[in-house]
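Below you'll find the structures, each written out as structure tokens.
Shared between the two complexes below is chain A, which pairs with chain B and chain C, respectively.
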Partner chain A sequence: MADTTTEPDDRPLWGPTAYLLLVRIWMRAASQYRVSLLLTTVAQLFTTCLDLIAILVIYSHVRTIGGFTLPETLYLYGTTRLAFAVSDALASGVENLATMIRLGNFDLVLIRPVSSLAQVLADQFTPKRFGKLAAPVLTLGWAIDALPLHWTAAKAAVAIGTVVCGLVLYCALWVLTGCISFIAVDAQEVANSFTYGSENATEYPLSIFGRPLGLALTFVLPVAFVTWQPSLYVLGHPDPFGLPEFLRFASPAAAAVLSGLAALAWRACIRHYRSTGS
Partner chain B sequence: MTTTSTTDPIILAEGLTKAFGSSPGRFRRRRTTDGGFTAVDGIDLRIAPGELVGYIGPNGAGKSTTIKMLTGILTPTSGLLRVAGFEPQRDRVRLARRIGVVFGQRTTLWWDLPLKDSFTLLQRLYRIPPDRFGENLAYYTAALDLGEFLDRPVRQLSLGQRMRGDITAALLHDPAVVYLDEPTIGLDVVSKHAVREFLSDLNQRTGTTILLTTHDIADIERLCSRVVAIDHGRVTYDGSIDDLRADRDLETVVRELYLGRSLVDTTE
Partner chain C sequence: MRVYLTAVRLSLRRYLAYRSSAAAGAFTNTVFGCIRAFVLMALWKQKPEIGGWDLADAVTYAFLTQGLLAPMGVFMTSTELGPRIRTGDVAVDLYRPVDFQTWWLSLDLGRALGGGLLRTVPPVLFGALLFPVRLPSSPLRWTEFAVCCALGYLISFGLRYLASLAAFWTMDERGMSSILVALGMFCSGLIIPLSVVPGALGTVLLHTPWAGIMQMPINVLLGTQSGGVGYALAFGTFWAVLLLAAGRMLTDVARHKVVVQGG
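Let's look at the complex of A and B:
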């Protein structure tokens, strides 16, 4: 509305604005099928609770896992799940990328005057993904209530930062896995093992995996930064792997590095996109 | 005012080449076992603003690959390419507001939403000023007879209706260049006629440059003053339609072109 003279204005629509615009239109499209939307939302809500039940069952037999009590584990679970669920809601449009490329519809993304990434992230956005938020929010609430912690401003900030950095890191992972679709169109399963796999890995205390795998998850796929390292600080728990203290606060750096990598990879993929036959 | 004077071509290609499977880029190691092939092999093309050019050739000749390079979808392997002063792949997002693309075989509209919603979304995405958008939508609604199905979900439209919607979608932002990839494919006689008359009128009324690929001789005959034919990625004819059908009927000549006879004389 503000711009009455768009003639010389050459700037494309800002990526986040385009994203929100597309999210809105996809939500409208999804709401055309109301019953299906309602049922799948409820289904999402229940399936995300299943993991939680598994954790509760384990703790009915043992007092601690890898040195972590039930509220501590639920805190780890809650932060990871929350970060993942939000990233899933925001960015899992990337999962459609392989199909888009295979059917040639990705061509249509590239003829629009807005960021290709914004279009892909928003693709087929559906409100049902919000169903996944319920379980982690409740769990985290309960864990925070049950933890015998003295909350300081610093701890609260780190706790919020944990979720935010985790969410950014997962979004970057989504984009990177999307890049796999450019190289091998059938590779969505491989891609899923990175996103969903890393999520599953970090919702338990990392110490249950033992040192080699735990370190691999920390440094190769910097998944551990999502919740593990900052949560050790919040919970006042020593690092079972004995890593240096500063890593507790390295999440923003890890998120920034991975986001940068994802952006570079995406650009390279667009440049080398091969399209389909006709 | 503008950087392009009337003599400058709006589309300029020199030695434009696209090879698949052996691209010399960062992914060099990813060689295909089938050796790769060259879809477009050194094409030279100069199209002046306001021209309506038919781009023809048999299936697999390299037409779609050319158009995908002109839109910035594909990166050329080598050669020079400028569209409206832009290097398409590098300036893809900025170029997008100056070009319109219609794919006869796929829709750019939002399947589950009323046709009109796709248009209003495009207004935002292309940043079309509201008054301009209103004018254009009113014009195209009348010219392409969209009124009766503007509020219907795209999935419920007939092919002919959908194509008219797609053409409108490609033009609402007043593009300087429009690529139409088989816009009349699968349409009935009446719809084909309507689309042709519309395109001819668009070209004359607004001076929009149009590049049209088609397998329908009647499209070419009705619309194009100039024809560029390619085969195996090389230009086999580039000239006026009148020269092309000087001594025989167009269909025979086109069939011969498709069978691989080159009509290119070394001049131009």
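Let's look at the complex of A and C:
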């Protein structure tokens, strides 16, 4: 940690700079255990393949699921998992927040003249998380190749926007669910329902969840905007729920709203934080 | 014998002390049960019978696996022994005048019983209320299910104990354990029932020890185990004995190694 103190002046570090600095430190720490790092990276790679195998097993029995063919579902899987993998790498340090609060280490975070969010997001950053990227990238490549898509500039822009907005939505979700730890320190596992739960739900066509739940996942917990709505446009697939056309392009708005909520929630939690210290 | 029963009891009591944590876990299990149920329902609506199961069997499976997840320790990277080997605290454990493997089995069993008490019923109950879950009413069927679950638990402990012991050699059990969890998630049928996996992969999966942890007990409960209850019992016993014996042998080797190193 010695080289973090070489800043010549004592102005507080800008959040993103602090984040990158902390990420570098944590990566160096993680690479001290080389064999373990290698094995955990392989495990991450393997874990993301499991859902892919499950999808392939399902499609070995039937031609469509919820009205979607295998390449279409793999496109959904690829975009979802790619967005989630990047958000996981960037923001899943939030998962350690409950332990930090319980042990009183969060007090130290607040004392430092660096953004508390940057410190928490970067916590325990490890390169193993990049292991999650391989399967989605390869799958997405295959799905795009196999799909009879007529690419236009608009479609390409929406496809790239899908991953970018999805990643922002997931990051906002990480921060929002991290706030659960402030309210109930041992209810942290509830957060998994929202983070990993939405990851698992959005890799399938939303139509399999039926109309009531499908609408809830669009307007209450807006994970439909991670990949489902924009992908309907890219795939040229009519919306099974019959929702208006403009929602296909509403992902940036949804991402902005959820990020705003996450920022507000985080500030409120920091303001009301009471140390667990004895 | 009494010392082990006390260990089970105290470990159970410790688990039961963190009730809100268990409630949060049960909530998450229920959410995932719903996601899996919807996915399987989408499949079964297109093809009403796969591997001898109808839609109700598949939905029941989705919620039962989520209910068994915690007691069976499918997501657990190892036992609590792993970190103790890494930190060196195991030296104290080796001093205890008890059988090393049985001691850790007792502690883990307490945890499993606690998980079974607090985390198994909520997802299954939720599924039964809102989904086409079908559970048998025959007490004999439930007894057979319970025996198969006990064997499945021993298999799970046997695997996790071996992964923990690896720390004696690699100094860090986490890499080994994370591979074990990834393998176990799939091979135990958590993500997709093993009975729907086609071809040679499906056949192989039905013979790994993980098949005995959740898939076979549930097959027995649903009355769809090929070869009947007898096969499930023989399969479970075979793997449980083999893995526990391997753990015992490896413990002796490790104990020897620790003595040689001189602590």
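Operating definition for what follows: the second predicted complex is superposed on the first by the 266 of 278 C-alpha atoms of A that agree within 3 Å, B and C clash if a C-alpha of one lies under 4 Å from a C-alpha of the other, contacts with A are read in each partner's own complex, and residues count from 1 in each chain.
Just so we're on the same page, contacts are C-beta pairs under 8 Å (C-beta built on N, C-alpha and C of every residue); 3 or more make two chains touch, one makes a residue touch a chain.
Model, not experiment: these values are computed from the prediction.
Enquirer: So if we stack both complexes on chain A, do chain B and chain C clash, or do they fit?
Expert: Once both complexes are aligned on chain A, chain B and chain C fit side by side.
Enquirer: Looking at A:L108, would you say it contacts chain B, chain C, both, or neither? Reply first, second, both or neither.
Expert: So A:L108 only meets chain B here.
Enquirer: Given the superposition on chain A, what is the angle at the CA centre of chain A with arms to the CA centres of chain B and chain C, as a multiple of 10 degrees?
Expert: So the angle at the centre of chain A is 90 degrees.
Enquirer: Classify the contacts of A:Y273 with the two partner chains as first (chain B alone), second (chain C alone), both, or neither.
Expert: first
Enquirer: Applying the document's definition of touch, where does A:A18 land relative to chain B and chain C: first, second, both, or neither?
Expert: Once the two structures are laid over each other on A, A:A18 reaches chain B alone.
Enquirer: By the touch definition at the top of the document, which applies to A:I53: first (chain B), second (chain C), both, or neither?
Expert: second
Enquirer: Figure out whether A:A153 sits in contact with chain B (first) or chain C (second), or with both, or with neither.
Expert: Neither: A:A153 stays clear of chain B and chain C.
Enquirer: Could you state the shortest Cα distance, in Å, between chain B and chain C after the structures are superposed?
Expert: 12
Enquirer: Across the two complexes, find the residues of chain A that touch chain B and also touch chain C.
Expert: In chain A, positions 33 sit in both the chain B and chain C interfaces.
Enquirer: Under the stated contact criterion, what part of chain A meets chain C in this complex?
Expert: Within the complex, chain A touches chain C at residues 33, 35-40, 42-44, 46-47, 50-51, 53-54, 57-58, 60-62, 64-66, 184, 186-190, 192-193, 197, 200-201, 204, 208-210, 213.
Enquirer: Would you mind writing out the residues of chain A in touch with chain B in their complex?
Expert: 1, 3-4, 6, 9-10, 12-13, 18, 21-22, 25, 28-29, 32-33, 104-105, 107-108, 110-115, 183, 268, 271-275, 277-278
Enquirer: What residues on chain B touch chain A, complex-wise?
Expert: Answer in residue numbers: 20, 23, 25-27, 30, 59-60, 64, 68, 71-75, 89, 92-94, 96-97, 99, 101, 103, 105-106, 108, 110-113, 117, 121, 124-130, 153.
Enquirer: Please output the residues of chain C touching chain A within their complex, sorted ascending.
Expert: Per the touch definition, chain C meets chain A at residues 18, 20-21, 23-25, 27-28, 31-32, 35, 38-39, 41-43, 46-47, 50, 170, 172, 174-176, 178-179, 181-183, 185-186, 191-192, 196-198.
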